[in-house]
Each structure stands twice: as structure tokens, then as C-alpha cells.
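Order of writing sets the labels: A, B, C and D. Residues in every chain begin at 1.
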Amino acid sequence: MEILEKGDAEFYFMDPDDFREYVRDRKNRNWEDKLMDESEAVRKFVDDGDYLAYDFSSLTRGPQSLIREIIRQRKKHLWICAKFTLLESVLLAGAGCVDRIDVGFLGFGPYIARKVQNGEVKVYDWSNGSITYRLIAGAMGIPFIPARDLLGTDTFKKSGALAVEDPFTGKPVALMPALNPDVAIIHVQEADIYGNARVYGPTVATLETAMASKKVIISAERIVETIEFRKEPNMTIIPYYLVDAVVHAPFGAYPGGTQGYYEMDSEHYLMLSSIREEEDMQRYLEEYIYSVDSHEEFLEKRIGVRKLKELVRKAQILEGYR
Amino acid sequence: MEILEKGDAEFYFMDPDDFREYVRDRKNRNWEDKLMDESEAVRKFVDDGDYLAYDFSSLTRGPQSLIREIIRQRKKHLWICAKFTLLESVLLAGAGCVDRIDVGFLGFGPYIARKVQNGEVKVYDWSNGSITYRLIAGAMGIPFIPARDLLGTDTFKKSGALAVEDPFTGKPVALMPALNPDVAIIHVQEADIYGNARVYGPTVATLETAMASKKVIISAERIVETIEFRKEPNMTIIPYYLVDAVVHAPFGAYPGGTQGYYEMDSEHYLMLSSIREEEDMQRYLEEYIYSVDSHEEFLEKRIGVRKLKELVRKAQILEGYR
Amino acid sequence: MSYTDVEFMICQAARLLEDNKTVFVGWGMPQVVALLAERLYTPNITQVFEFGAIGPQSRTPFLRGTMGGPQNTYRSLQWCSMGLAFSYAQAGYIDYGMLGAAQIDKYGNINSTMIGDDYERPKVRFPGSGGGNEVASYCWKTIIVMNHEKRRFVERCDFVTSPGHVMDGKTREEYGLPKGTGPWRVITSKAMFDFDEETKVMRLIAVREGLSVDDVVNDMGFRPVIADDIKVLEPPTEEELRILRDEIDPYRLVIGK
Amino acid sequence: MSYTDVEFMICQAARLLEDNKTVFVGWGMPQVVALLAERLYTPNITQVFEFGAIGPQSRTPFLRGTMGGPQNTYRSLQWCSMGLAFSYAQAGYIDYGMLGAAQIDKYGNINSTMIGDDYERPKVRFPGSGGGNEVASYCWKTIIVMNHEKRRFVERCDFVTSPGHVMDGKTREEYGLPKGTGPWRVITSKAMFDFDEETKVMRLIAVREGLSVDDVVNDMGFRPVIADDIKVLEPPTEEELRILRDEIDPYRLVIGK
């Protein structure tokens, strides 16, 4: 199998043997209560310099209360996996938490674009598909996945993918190196105190991200008893032994929505996504993140019960979500 | 990427480009009524010489009414994918339908063993895992999946796998070639007339097998309206555009069970699995398959309502199955 | 009846889709195209969203914020993973795809990543591929929809995000991309193009009512092949505009004002 | 209290499992081992079945026919695909695995495929790997359970179905198998073995009550390493036998009569 071409970017990679050893020694198969608040979870499981993955998007079921807590704790030098992301990368870059971004989808707007243009954050271009394959490989415990995207583009050249001659067809195929993030933060509708969790609606890369990551923090709209999973095992997406911390986070995806619970806050989203200037960003971060101590305080003092009630009222489609 | 070692078996393989073209031209995205009986489905979609895959097992949710119909129509020269199988391979071999078997798990008992010992059927040894990976690769439209099983065994040498030096770790890794069967037969609890389908309980390789196969026949305990899938989209396992034929087959897994519907018939299963001699096998095939025209006649004349009622009565665990 | 450029492009794109096919639908304009097609021309088309929704009966009005939410994924046939959605595409199950482009070259290579000479210090940075690279790599027929501006039609994209038919002298099949795929139509605010079968170069096949071939070609940074028979693109019909404006996008989030 | 060889082996295996760990459980005897361990020693062990059941609270009595059915997979934490079950194992999430063997060599290579010189015309053909190869390749600690018969302990297996520590002169890591895995214990109807850390050769560490080292070694086709301190394997307790016979396998499908 001849190597035909090689992307020239550095990429985050762990030998599957090293990931396996981490899983053996550090992933917890004990049935123990992992419930804690955002502050404790981020303090314990997000370290400066970590490679961070999150799932779904700013609009829907994104782990926003955890993103805000990471900013609040002023984590530094993160390398983030910006697949299918919008505001997360913008906020994390605005707060100076991020050095490097694997793209995916960078998130839009001139604010984050300028950070890249200035060289304040370094981007590595992949695609939503190739990053997903990388996570799948990481989750499966294999070193790479072959796929037929990225080929014949500059995206390939700027990625960490390889092209080889496939020994079965003789044709070129790309190899996407496994991705095993240091830490994943994932918001779900329901979890138990041990970390069993399920989502309703599109599952994006929820399971793969949790399986592939060394440390996993789950935030959940509701904490439910374990028997709820055992009664409908086809719906379980994450088993407890993948998980390190469980955070009870009602409105955890705000300003995005969570299906079956509340709609996104379009006004807040628009306000945030129209930020252009550094000053405005810092003002936003101060007001909504640094100046409050917790997700609860954020909801109470910055958003308010009236607004939350309105977002719940708008979420009238429940079919399929329970 | 150096090829380090190579299994010496022939293996069924289709260039992903050829599979794609088949999917483009022959897989039906029309919303059309695909309901037909076993006889029509097998006549239309199972050809002599086909590579045949099926899912789950003789004990649980196996597509037994379709297996019997294949035997009844005296299909020849099949190459079967005997992953996690018991009686299917025994029956198909007994009826002379099968030349080659990819193993998986051959099915037990001296009867099938003798067919192999005599050279009447040729086996290729893989494993449940490597065959599953081959189906996953076929379903993903990629030429192979790397994995770390089979290595360091005679199973590897007798398979069609390769070992290469992984360019990311420098360590050896096995490559499992994609498997795209000609035809898959799959039994489910619920399907609509278009082929949307779902299963309750372990999903084995139901989805991968359907995605990877050129022709797909679904048999279902119940035919339900399409809206039933749209109301709970997380539970849909097979979308209609993978499917060629839908067979309404109550007790379709008999003598195995189907969760939520009926338990297996242990007596029938024991009777069948204790067959040793060719004569007994041919007598079984005559009595239960050749001498009846259809699955309905089989149930009515050979099994009887009393027995079916007893098997339904035994299936009292419904939790998780509806 | 007057209409915006975006409305024009949406209607052209919607008319290209076929019924009883699958279409990979991305963020924004492609969603509106698919909704319009579904209402008027292709009631049985199956939309596929990369985040894991297959065959939704999306609610209208279109709300930008509902990407992935209950309105957008209403009554899907299947909610699944992104990996599965891309697998359907890679295995050949998805007929149509739709993409935007900041730049395009004559072989249909697309840039949605950055403008400038220096990748490390781009003049303008865009969001990047998203799922666009997969749409362009895997779907059988990719439709590219973009504003017709001279600077967008370039000899060589500053960055090729998603593959066209030929890049830097090599065909997409030589790179290992799936056989028989590639850009199929380019719809702009002024014209429609396909690709010459032999040379794989973009070919003008139709112009917007009231425009000449020169009007179109003068506004391009390279010269396309010109088809022998240039058709005129019918403007949006009243029915199309009514459905677009009243039912699908009353807030004019996509169609513009 | 008398007991069968199978009961003896089941009890030894059940005592080896650790609580709060995961165990890959195959057909038949391993199921009964896991059930016994769950009842008496490891109430919080998570069983993983290859066909896609994680963490069931299996009903008893054990019925052979329920593999994959409602009794066996009762109240699982997760019902999933075979691909996912194997992925958990390949990614390192599964601590223990259990396997049978028709033949074994001194490095723990296992044969469950065929007996004879000619693969094409075997003297005896067995079912083959099933998921056994994956158990032996991926699980951190693999326990092999087999009847103690001389012909089963061979210099070289007629066919190596599942990997041991060293095959044909190469270590499992040299073949590319995951680091730190491999056969961990062999339980027979007469003894228990581990593997010498340096040479990776099977080492006798304990014998059944009433048997000498010679009784064990004379019944083997190769000579194992003998540990300095040979322990005696405690026979099944009354409680173990009661639970096995009355609750788990009253039809004696696995434990024998």
C-alpha cells in the first residue's frame, strides 16, 4: 500500500494502544454517583492544553452551560474540534481559551474570521465528514478509517489525512487518522447519576465522541433513574462506563434549544452572532459569563424566568422526544 | 504502507464504485408498495449463485420463513455469510443450496461438520467480528476497515484479510475487505409497505447488512403505517430506500422466537439440531418445507395453532419491545 | 412580478430536482430550495441532513434557528448519526446535493474556506467545508448555487475546499473520488451551466430572461464553453413566489428583501 | 457434596471475576459463570454480549434457547449492534473475556475450528471462531475454560483460531494485537494456569483438591512451567452449587447431570 499523498498539517493523534491503556486504568466501570455541578466537572476534567470535543450545535442540544463554565474558569491553550459548530468556537476564541481549531465548520461571522486572519488562532481544515470519521475510528479503537472525501482538494493538503493505494481496488483512498479527544462535553435530554444517557432527535456524533474521548462530561436536562434506561434499552446512547461526570443542567443548551424542552432564544442568538468588535465581545463575556458564578445565576440574573418560560412555551412539538 | 501478510482465501468483494452504481441505478427511491409473499420475493430477488446474508440467529428474530422459501425454490450455488448462525447454514447445506460458507460461526452439530469434512461445502474462516467489520465497510461505501482481530492466527491465513503497516502508528494492522452481499434477508418486528423497518432488542448487524446488500428482502411480524416510523424516528433502523421487498410473515422466525411476539419452539429446535444422518435431514426437509406450498401452510399443517398459541403465551416479557 | 436574485436561484434549483430521489440538504438556501420543490414539484423527495435526519416533513415557515430542531426535523423517517448520514452518501444512496461557493473555477472546484495567497494569514476567512466536501465528493449530482460576480469565477480557487471535475491537471477519479460524480449544474443569479462531457469544462446552457450570452460571460473571470443552443431561464412563477414568500420564508431570512 | 467437572470449572471461573468490571460473555458456559458471579460475588459486573446487549439483568433459570431473547437480555442498559459491542472491546472497555477451546498450546493459542492436517478435509470440523477471536484479541484478561484431556494440550494447535501470547515464534504484539492483552488464566477440570511473565508459557498455579502436580501434568501434551507455590483449588461450595442447580440451571443444560 503505497502512500500517494500526505496532508501537511499536524493533527491530534493517540496510538490506539495508549487510548486502550487509558480506558483500562482511568475509565470508571464502578457504579458510582458522578453528579456534580458545571464548576466541579470543568475543574476536575478540563485541563489547560486539552483537546476538546463537543457535539451537536449552538442551535440545538449544544453543551452551552459547560462551554460558559470553561470560559469562566479561563481555561487556556485548548485545541477544539469544531465540527458543525457555530457560536462555541466564537465564544471560546473570544475568551482566549483556544489556540487551535480543527475545522469542520468554523462558525460564521467576521469576528471569528478575524481571529484566524490575525493568526490569533490556528485552524486546521478538515470537513464535517472527515472529522466524524476520525471520531468513529477513535471510538472503534482503530488507527484510521479509509474514506473517499477530501481527495483532490486543498482541504486534503492542509489536513492530516493520507492518500494511499487501496490494496483491494488499486484506487487511491484517503485515510483519516483516529481522533481521541482529551475531553468531550455533551448535552443530553436524560441521564442517570452514573452517566447512562440518551438523546432524542438526531444523534450527530454523540456516542462516537463519548467513546473516543478520554474524559467525558455529560450535562442533562433531567436526571432520571437507571430503570428508565433498562426499560427501553434501544434508546440508550451512552452507557455509564464512558462517563466521568454528570451535570444536571436545565436549559443547558441555552441560547440554543433542546428538543422536547425549549426552543432557542433567537434574539440572544442574533445579538451574539452579530458581534463584530473585540470590545463588544469582551462586554458580552463579562456580562453573561464572568460576572455570574454559575449556570443557575446566569439563568436567574441574566436571562430571567419570563424568557425561559417563553422558550418552553414555544417548544410545543413533543412527538418523538419522549 | 507495506503489506506484511496476506490471507490466502478467495473472498467476495465488489469495488465500492460498482456497488455505488448498482445503488444509483437499481435501488429504488420510489415510494411504492413492495409488499409480496415469500414465494414472490425469493423468486424475484434471490438468484442461483448469489452471495446471501441474513441477520440475527436461528434462536431469535432470524428470517426463517425466507430461508425455508429459498430451500423450497431449490436455489443453488449460494455463498452464505454465516455470522452468528446456527440452523440456517445446516438447513441450506442439507438442501444442497450452498456451495460456500463464510464463517463466522458455522452452526453446530456433526451434520454440518460432515458436509465440510466431505468437501461438500467449502468454508472460509473469518470471525463474527471481522465479518461484521466487512459488512460495516460495505455499508459505509469504503473498500475496507482496519481492525486488530484475526492477527496472529491461522484464521487470518485462511481468510481474505491483509496485514499492513499502519502509517500512523508503524504497527501492523489487519484490513478487512468490504462485503457487499448480493441479497440480504432480514426479519423485523415492524415494517411498512415501502420497507421502512425497525427492530426491538439487540440490533446485531441489521442496518449494516441492509445498507451493504444489493437486494434486500424484509420480513415482518407486523405491517404498520408509515406514520408509526415518523412518530419515533430514533427507532427506525432501515429506511425504505434500502429495501426491495417486504413480506408480511407472522411467526417468520419460527422455530426461533421474536421478541415481543413469541418464544422459540425448543422441541422443534432440539429435533432439528439433533439430526445426524442425511436421511433424517431429507425427511425433515420433505415434511416441513418441500411438502408445503407456503409459510402459511407450514404454520397451519405442520405446526398448528395450538403450538403457536403456546409460544405466544410464553412470550410475556414485552418491556422494551413496543 | 419582481423578485430577488436569491428567489430566482431558488426557483431554478427547485425545478432541477427529481421526484422520488434523495437530496442532501445543507444550511440555509438549500433548505428553502428543498421545501419549495417538495411543495410544488417533488412531493416524494427524501431530504437528508448531515446531522442525522432522513426524510423529514419540515414545518414551515422556515426558521433559521431550527436547523436540527423540532420544526426542521419534524416527522423524519429516521433520526440517526452524522456518520450514518455520510455513509448513505458515500455508499451511493444520495442522488442530489446542493452547495454554495465563494469562488468556483472552470472545472467546478469550489472555495468556501479562504481568500488570499497565504493560508496562514488569509485576507478573508470563511467557515470552511462543513459537510460541503462530502456533498461534492459523494452525491451523484451536485448543484452549485452562487451569486454571479466576476471575482467569484476564477482560474484557480485560492483554496479548493470541495472537488470539481479536474484539479491541478488530474481528474477526480484519478484522485480516488467516486466514479460518475461531480458538479452537475451551476446556477447563478444570471445563468445556468453544466459541464462539457469531454473536457469537463463549465458550459453555459441557459441565461436569465433579458440577458445575452455576453452579459453573462463578461461577468466571469474565465471563459466557459458556450452550448450550441442557449436556453432562457424562465423567471419565478407567481405560484413559486407566493409559496416562497407566504408559506416558506415569510421572514425573508433566506430570500432577502 | 459431589459435583460435576463443569460445575467445578464454573465456580473457579466465577471466583476470578472482579466486581465493577465489564465481561464479554459468550454462548453457554460463560453465561452461567457470569450469572453465578453476579449472584454471589460481583453484583455490579456489566455483561456484554456480542450480538448487542450491554449490562442485562438476565432472568434465570438459564434457557439455552434464550440467547438474544427476552430472558437473556432482560433489562439491559443498552441494546445495540454487534459492531458497537466489538468496538467497546477493541477500544479497551471490556475487562474480562471467557472462551472454551478444543485444543490449546503452551502460549495459550486456541483451536475451535478443526482437527486434522488438511484444512480442506478436516477430520473434525467445529463451528469456528464465532466472536472468540475478538474476545481473545481485545479483552484485557481472557479466561479459557476447558476439560482437562491430554489430547487438548498440544505443541501446536491443528488450527489457531484465537491468538495466545506467541505464535510460530512471534509475539502477539509483533503481529499487531493490542498491547497488554492475552490469555490470563486457563481453568480446566483439574487445575488452574496463568502464563509466565517472561516466557509467556503456561504455568501451573493451582490444582484441584486431591490431585498432585503430576496428575495434572501427565495429562497434558506439553509440559507447563510449574509455579513455586502451587495452591489448591477450593471445591464448589454448597451455596454455589445450590444457586447453580436450583436457580440458574435447574434443567442442567450446561452444568450436566
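The criterion applied here is as follows: a residue touches a chain if its C-beta (ideal position, glycine included) is under 8 Å from a C-beta of that chain, and two chains touch if they have at least 3 such contacts.
None of the values given here were measured: they were computed from a predicted structure.
Q: Which other chains touch chain A while also touching chain C?
A: B
Q: Quick check on the contact network: minimum steps from chain C to chain D?
A: 2
Q: List the centre-to-centre spacing of chain B and chain D in whole Å, with centres computed as mean CA coordinates.
A: 28
Q: Report the inter-centroid distance (CA atoms only) between chain B and chain C in whole Å.
A: Each chain reduced to its C-alpha mean, chain B and chain C end up 39 Å apart.
Q: Give, as an integer number of Å, the spacing between the C-alpha centres of chain B and chain A.
A: Taking the mean C-alpha position of each chain, the two centres sit 37 Å apart.
Q: Residues touching two or more other chains, restricted to chain B: which are they?
A: 16-17, 140-142, 147-148, 166, 171, 173, 200-201, 203, 207, 231, 233-234, 319-320
Q: Considering chain C alone, which of its residues make contact with at least two other chains?
A: 53, 73, 75-76, 79-80, 90, 138, 178
Q: What topology does the chain contact graph adopt: line, ring, star, complete, or other?
A: Per interface graph, the chains form some other shape.
Q: By the touch definition up top, name every chain pair that qualifies.
A: A-B, A-C, A-D, B-C, B-D
Q: How about chain B: which of its residues touch chain D in the complex?
A: For this pair, the touching residues of chain B are 56-57, 59-61, 84, 103-108, 112-114, 116-119, 122-123, 125-130, 132-133, 136, 147-155, 158, 163, 166, 171-174, 200-208, 257, 259-260, 263-264, 266, 269, 315, 317, 319-321.
Q: Enumerate the contact residues on chain B facing chain C in the complex.
A: Contacts found on chain B: 16-17, 19-24, 27, 29-31, 138-142, 196, 207, 211-212, 226-227, 229-231, 233-234, 236, 239-242.
Q: Sort out for me which residues of chain D touch chain B in the complex.
A: Residue positions touching the partner: 49-53, 63, 65-71, 73-76, 79-83, 86, 90, 109, 113, 119-134, 137-138, 157, 159-163, 167, 170, 172, 174-178.
Q: Provide the residue numbers of chain D that touch chain A in the complex, in ascending order.
A: 20-22, 44, 46, 53-55, 57, 73, 75-80, 84, 87-93, 95, 138, 140, 178-180
Q: For a test of understanding, state which residues of chain A touch chain B in their complex under the given definition.
A: Those in contact with chain B are residues 1-3, 13, 15-17, 140-148, 162, 164, 166-169, 171, 173, 175, 177-178, 200-201, 203, 231-235, 319-320.
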